[in-house]
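In what comes next, chain A is part of two complexes: it sits with chain B in the first one and with chain C in the second one.
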Partner chain A sequence: MPTSPEAVYRLVHDTLTTKFELPAAEIRPDATIGELELDSLALAELAVVLSEELGVEVTEEGVTRTTTLDEFAAGVARATAPAGDAAALDAQ
Partner chain B sequence: MTRSCVVEALAGWVPPLRVTNDQLPESWGVTDSWVRSRTGIGSRHRAGHGVATSDLALAAAESVLRGNDSVDALLLTTSTPDHPLPATAPSLAARLGLGPIPAFDVSAVCSGFVYALATAAGWVAAGLAERVLLVAADVYSTMLDPTDRAAGIVFGDGAGAVLLRRGEDDEPGALIGFDLGSDGGHADLIMVPAGGARHRATGRSPADGDHYFRMHGSEVFKHAITRMDGSVSTLLESLGWSVDEVDRLVGHQANARILKAVCERLGLPADRCVGNLAEVGNTGAASIPLALAQAHADGRLRPGQRVVVAAFGGGLTWGSAALVWPDLSHTQVIPHL
Partner chain C sequence: MNTASAVAVTGLGMITPGGDGAAATWDRVCRGEPTAAPDPALRGQPVDFSCRLPEGTDLNRGALPRSAWRMSPVAKAAVSASHDAVLDAGHEPKSWDGERVGIVLGCGIGDVGLWHDQASRLSERGPAAVSPLTLPMALANMPVGEVALALGIRGPSLATNTACASGASALAVARGLLLSDACDIVLAGGTEMAIDPLPVAAFHRMGALSTRSHDVSGASCPFSPERDGFVASEGAAVLVLERADDAASRGARCRAILAGCGATTDAHHPTAPHPEGRGAEQALRRAISDAELGPGDIDHVNAHATSTPAGDAAEAAVISRVLPHGPTVTAPKGVLGHTFGAAGAIEAALTVLSIESGLVPPIANLKDPTAGLDLDCVTGAARPQQIRAAVSHSFGFGGHNVVLVLTSATAG
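So, the complex of A and B:
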């Protein structure tokens, strides 16, 4: 089931505030992985949570310290979409 | 005739050389707070020059055996055998003076202790042995790449030993359930590439570093938390235990964040997850018996508590086991801790 980038972002936001206990004020679309101090294991755990919630394999491959949450959510949304829909998401 | 396998005695042993986070190589550029926040580890023990797995195993085994203890079989679980061939267990049995008893190694990397517990339980159930000595020992320092900061921070050397005997299903200490599994499709995630037949069959010399331990940390983290959570859940379901009924979970002491995530996924309060990662790091197959021994010695494990042990390791392998904690015949305080 394709999930919109907005819905993925909300899921990421909720996971970071509840499971990772990060202050909600710090979690903005333009906040970077580095600013949030999410290291490789935190990203791995986030990927596991998102994989289970979304029912598709989510990987943190390609995510760097300068990746924003917005960019991360968009990448995850692409992983939830069939190939044609992913291209449509890319075009947005 | 009942042929349950019961834990009678337990001991742990770590070498005297303790390496704190502040004593890690300067070139790694790490601080004590950095290491603690990312791994939960404050120190680890190293065997040092000339000390091999059977030496640590011997110390743990001597601690668990009393003078007149008879043993019908010896199992040693390790990823760092003294030699690729033969197994280390017969030499350990000989050094212990146990006579010509069956003795063999069990290889399941960091899940080795749980796999070996199940093997010992099977031997007792089959009537092959009444009393089994199970020793878990690893000297990871012998296969760590000096430039591999991630592994060097985490791994320590150590050994644990349990004496198991035939007993009744309903007595404390009886191993009352197991869940075991493997997924060789991810064998590459935790591996020493050279030293075995796969590499020798190529006829090529090993590339630099191929004899060192390699681990893909993030991927291992993902598999570890899902497999340990899944294994414990399956075990509890088979026993008819709810999570609330688990008094203590002693997981493989790999990384505090793995253990925290497993507890959270199970819905187990953090104070029921006990171990000694901070003091000894990841001691491979030895980690669970070492953690059990220390938790028993300091009172975090008490007779009557429902205890689950859970492991995950290279292979990939995983497993869990359950017992009601017994009033052990003798209590061991781990030397050097």
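So, the complex of A and C:
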């Protein structure tokens, strides 16, 4: 089931505020993984939560300290879409 | 004992079903009001009651920002109790020399609920569904690691596991660290948050739990002829220990002296106590002699008494045999239930408070203190008593026996 980058972002936002107990004010589309102090363990746990919610395998591969939440959400959204739809999402 | 080798208790932190904090716990224990209640998490099980932390207990105090998500409740309870203890002792972790600070915490079970959940995920959804946090949250040493992180403790650290004596073992090991000069300050205690359907079912299957569903608040009744097993509980306690001379030179309040420790092993049966309490008796004798005292010097006993028929009988026999002069006896598990790996630390903290305030809490649910026992059990209301020296007993599955001697900081 393809999920839009906006919907993935909302899910990431909610997960970071509830499960990870981060202050909502810090969670912005341009906030980076490094700024939020999400270490490799936190990213791995986030990937497990997102995989479960979205029904696809989400990995933390390619995510670095400078990746923004926007970029992260877009990458996860691509993973939820069949190949053709992913291209369409990229074009958006 | 010479003061150079005296180990002082300078701070206490407790989170128990009796209350969120040492003062609230002490009040509840002194009132003798049981905390056992029906437990929705155990609904449908043969034993569906337990002693839970009060609603609204703050398990996040003292936690580093952005750390709460990765901590199991058993670590959070330890961090919060440590925070309270360090504050109580008047230490400032931001400025202390962390390499001279140690930590030893008992934990008997760890986050068994997490193992249980992750095992279900593994069997139902496969290895990719297993949380990468499983080990950092569930291992029994991680409360130690998280407290060290939160407080900048960089000296010796370890978790002790002697089942239900783990918290007392932690205090004994911590005292040794100070006496061997491995560090100058040690946080010592115990933590356990293991009320989960799996261990509760397992304890019940081995016949260890009370099944008094018709009288839940009366279920934990140490030394009572009606006792039929213990009630599962949860909590944490941490004590700050330092050499008495160091405490005096920084002007700290010395709340009591951890004057001696004795540890032995039954080597009799995996879980049943030795019928005459042979190992327990030796631990008690060794602790008293380690404190350079005689049996007649012991004014008060904080008993392990979990409310099991065999365990309480063996312990009562040991007390009558070794301490025939009749020191007062209390048994906090009547109020608090059995907090497993935390129990020894919680009871040591309560013993400190008894010595400091001159008050012995009553044994909850013990109606006739003379029934079949040759002990001076305190019942009904708390009893004022000047206590110079007290012992706190802890015994665990595996045949572990640990006895601590605590003495008054003021009585010479």
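As a convention for this text, the second predicted complex is superposed on the first by the 92 of 92 C-alpha atoms of A that agree within 3 Å, B and C clash if a C-alpha of one lies under 4 Å from a C-alpha of the other, contacts with A are read in each partner's own complex, and residues count from 1 in each chain.
FYI, a residue touches a chain if its C-beta (ideal position, glycine included) is under 8 Å from a C-beta of that chain, and two chains touch if they have at least 3 such contacts.
A quick note: this is a predicted structure, and the numbers were derived from the prediction, not measured.
Peer 1: With the two complexes overlaid on their shared chain, look at chain A and say whether chain B and chain C clash or fit.
Peer 2: On the shared chain A, the partners clash.
Peer 1: Does the superposition put A:57 against chain B (first), chain C (second), both, or neither?
Peer 2: second
Peer 1: After lining up the shared chain so the two structures overlap, which partner does A:71 touch, if you call chain B first and chain C second: first, second, both or neither?
Peer 2: In the superposed model, A:71 contacts neither chain B nor chain C.
Peer 1: Once chain A of both complexes is superposed, is A:41 in touch with chain B (first), chain C (second), both, or neither?
Peer 2: Both: A:41 reaches chain B and chain C.
Peer 1: Which partner chains sit in contact with A:19 here, chain B, chain C, both or neither? Use first/second/both/neither.
Peer 2: So A:19 meets both chain B and chain C here.
Peer 1: Looking at the overlay, which bit of chain B runs into chain C, 55-63, 127-135 or 325-333?
Peer 2: Clashes with chain C appear only in stretch 325-333.
Peer 1: Quick check on the output: what are the common chain A residues between the chain B footprint and the chain C footprint?
Peer 2: The answer is residues 19, 41, 44-45, 48 of chain A.
Peer 1: What residues on chain A touch chain B, complex-wise?
Peer 2: It comes out as residues 19, 39-41, 43-45, 47-48, 60.
Peer 1: Give the list of chain C residues in touch with chain A in this complex.
Peer 2: It is residues 66, 68-70, 128-133, 136 of chain C that touch chain A.
Peer 1: Touching residues of chain B toward chain A in the complex: what are they?
Peer 2: Those residues of chain B that touch chain A are 38, 217-219, 221-222, 225-226, 255, 257, 261, 264.
Peer 1: Would you tell me which residues of chain A are touching chain C in their complex?
Peer 2: Those in contact with chain C are residues 19-22, 37, 41-42, 44-45, 48, 51-52, 57.
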